[in-house]
Amino acid sequence: MKKRKYSFNFYIGIVIVAFLLGIVIVSFFYTPYTVTQMNIGKKFLKPCWEHLLGTDHFGRDILSRIMMGSQTAFQVGLISIGIGLFFGILIGSIAGYYGGIVDEILMRIMDAVIAFPGLLFALMFVAVLGQGIVNTMIALGIMSIPQFARITRSGFLQVKPLKYIDMAKSIGVSNFRIMMVHILPNVISPLIVACSMGFASAVLAEAGLSYLGLGVQPPNPSWGRMLSESQMYLLKAPTYSIVPGIFITLSVLGFNLLGDGISAIRDPRK
Amino acid sequence: MRYLLRKMSSVIMTLFLVTVITFIVFEIIPGDPIAAKLGIEADKVQIEALRKELQLDQPLIVRYKDWIGNALKGDLGISIRFDEPVINLIQIRMMVTSRLALIALVITIIIGVPLSIITAKYDNKGIGIGTSIFSQIGMALPSFWLGILMTYLFGLVLKQFIPGRYVPMEQNFVQGLNYLLYPAIAIAIPKIAVVVRYLRNAIMDQTNQDYVRTAYSKGLRSHQVMVRHILRNALIPVITIMGMIIADILGGSLIIEQVFTIPGIGRLLIMGISNRDFPLVQGMVIYIALIVIAINLLVDIMYHFIDPRIKLN
Amino acid sequence: MNQLLDVKDLSIAFETNEGLLKAVSNVSFQLHENAILGIVGESGCGKSITAMSLINLLPSNAIVSSNQMLFNGMDLRSIDKNKLYEIRGKDIAIIFQEPMTSLNPLMKVGQQITEMIRLHENSTLKEAKQKTQWMMKKVGLSNVKKLYHSYTHELSGGMLQRVMIAMAMICQPKILIADEPTTALDVTIQAQILELMKQLNKENHTSIIFISHDLGVIKEMCTEVMVMYLGYCVEKADTSVLLKHPAHPYTYGLLQSIPNPKKGKSRLYAIPGRILKLSERPKGCPFCTRCKRATEKCRTQLPELQEISTNHFVRCFYPLDHPQN
């Protein structure tokens, strides 16, 4: 029974992620309206056949903006996770492979990065580097490095005492090859789980930063910024506030469930 | 005792690195902080004077040493925008934010714990899957969106409070509390989901332990067994995530203050960032990070008080 | 001797995913004042759940039915919840098999005993504490002031089992259920704990239901023995009778497998075959799959429990030789 419950999570996650991914892909070729197309006469329309999710304060189609916003969310998620994954694996491998003082210093720095709560680290970066989508991705990417570094390092620590690594070394396999062939496959599934979860938190963080006006800037569409714009017209057009929130929640939920499901399949005991 | 020493040394190490990171990040500022302060049309003499005043002519390590030395004395520098000591600005706002965070924490606990007990008690498939789905959705909800929805429902429709008009507790306790209640609930809901997810499982694990059967065999009623025996044991794994939850609540209030226009450190921080008021932002980052590290240390110490088994190693 | 407990036709089943699983079938037994009744059998034979069902300590998927379950003239089947809570601990107390896990790891052991007193007696915390320490001394613990404030991880298994006994005995229960109280302990500690229980039985006139898989321990402790196999009572008699004249092949096998240093046999006897799962219980005699004497009748028909001599019951078509037969 337990096992079924977890794969249940996995399937729901897959369905949600596939749905969102579908929106992203479609948005590249087709949106019902162009996002910049304003129509003052059609401000704050309630959802109707012409505008499935209504219109905003400039008469722009909300569905089209949501679709474009999904591109931003996925872009930020993918690139920041990419940054985190690349540097995380690099740092984790170095720490795990060399051990000793190198390990100590690197992991302490990782601890320190984690010690910044929530968005604080990202906010600090944005404050220094300035706002915008690129800096948001860099900040969120750096924030996610420790996760990946820890997982990679733990993989090294598990595998290191095993005999076959010594044997590989003794027959002259290069350090890089040992890392790639013998150790990374052992940490690949926890890394995938962390990617999925990290994607969820990156989407949430991007929305938060953009809501504060410090993340993605116009003309890039963003769910978070839609929320902050909508807040002014809350009484007039509540759906305008509700829709972007649903999409943020859905993305976070989907990727969290996916990560959960993968980790449950990998380790049914949990 | 030895544990405490080891823990302290690792905390001090983390603190040190956090300050170093914060210091270095603010060294890579593109653009000139002096230009930001004096404007582009400042003359050379003025610029030189300010460079000296801000000690920008000193090497990095010296400046770090000075900065951290001052910070330890409680001097986090002067805000460019407000022309006031950063620490004073923070402390006034911290009163507001800490209240908000405290209310959110209390709500998280007084709703999360009983909810975990109830859902754990009825251990059947339906409730198990239902709880799992609800806690997953709850954890995915962005608190600032919940805040907007609450503003709409409780502020604009039900008129329980006037959005945007913050009332300090000093001025009117009941109204002040009422105003903080809604943002606190918005922060608390995702955290309640986290608590339920962990605590429910922990309670169900503990319920099957031998000592619970012993407790029943003594003639304890089931609520006594729950409170005196099961809950105490089940809370142990939850306490380890409590530090994270408190940090999240504090982090969450940074954004939620913007939603409800509450004059706490979140608003101050955003203001500082928008105005490129670097001493203010730097001071606040270090201040907030320090508080969170302190809270985590506290939670850790508490954990070792509650679980006697750990003292041995 | 007065009958303290009279159980007739007790059956217990569990609702599981694979359907209803019958764990105990039509077991009847009596417990007299001052007596020590042994219930013996291999693991999974239903001996523990038989005892647990008396005060309703079974998991919620258990279905218990019986014709009678009298305790001191009171029918345990129909008492209300409050009365049940009162009986638990005060009238019927239990010592469990694993002292290490059967005590709350986060509560001082002394407090766990005191909790029992405060639950059933009107006494101040101070009185309860004193009584606890007195009882801890009585069960052979020394340095009780310090021990009172210890946690389970700081004590050995033997000490913890003494704490369990102190806790169970503190309200002077009429019945003590000892569920394999020495199985998890070292052999040397085993003897001490058994001695302690015998002594408490004599001094406090507490009747004991002693559950064990080890007939060697049972024969040292008990006045009467009930042998269980796959949920059935297969033989029941006074200890001396059972030891001298075992009538059921299973009992005989159990007796043979007790190590006996006097005989100097190098090889220990083991009953052939494996213990069946409850779900694989044969149609006829439960023991027929492992019994050398089993016939076609044994495999198809369930033998009734018959009294072959006074107070000696056996569930077998072909009981072993018996002087009165």
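Letters A, B and C name the chains as they come in the text, with residue numbers starting at 1 for each one.
In this section, a contact is a pair of C-beta atoms (placed from the backbone, for glycine too) under 8 Å apart; a residue touches a chain by one contact, two chains touch by 3 or more.
Worth saying up front: this structure is predicted, and the values here are computed from it rather than measured.
Student: Could you work out how many touching-chain steps separate chain A from chain C at minimum?
Tutor: Tracing touching chains, the least step count from chain A to chain C comes to 2.
Student: Please indicate which chain is farthest from chain C, where distance is taken between mean Cα coordinates of the chains.
Tutor: Farthest from chain C by mean C-alpha position: A.
Student: Please indicate the chain closest to the centre of the assembly, with centres calculated from CA atoms only.
Tutor: B
Student: I'd like to verify one number: the distance from the centre of chain A to the centre of chain C, where each centre is the average of its C-alpha atoms, in whole angstrom.
Tutor: Here the centre of chain C sits 58 Å away from the centre of chain A.
Student: Measuring from the mean C-alpha position of chain B to the mean C-alpha position of chain C, what distance in angstrom results?
Tutor: Roughly 54 Å, centre to centre.
Student: Once you find the CA centre of chain A and the CA centre of chain B, what distance in Å lies between them?
Tutor: Each chain's C-alpha centroid was found; their separation is 22 Å.
Student: Two or more other chains in contact with one residue: find those residues in chain A.
Tutor: 1
Student: Under the definition above, what is the set of chain B residues touching chain C in their complex?
Tutor: Listed in rising order, the residues are 209-211, 213-221, 228-229, 232-233, 236, 306-309, 312.
Student: Please name which positions on chain C make contact with chain B in the complex.
Tutor: Residues in contact with chain B: 55, 57, 85-90, 93-94, 96, 98, 101-107, 115-116, 119-120, 151, 153, 164, 167.
Student: Using the touch definition from the top, list the residues of chain A that touch chain B in their complex.
Tutor: Where chain A meets chain B, its residues are 1, 5, 8-9, 108-109, 111-113, 115-120, 123-130, 200, 204, 207-208, 211-214, 227, 230-231, 234-235, 238, 241-242, 244-245, 248-250, 252-253, 256-257, 260.
Student: Where on chain B does chain A make contact in their complex?
Tutor: 13-14, 17-18, 20-22, 25-26, 28-30, 125, 128-129, 132, 136-137, 139-142, 144-145, 148-149, 151-152, 156, 163, 247-248, 250-252, 254-255, 258-259, 269-270, 272-274, 276, 278, 281, 285, 288-289, 292-293, 296
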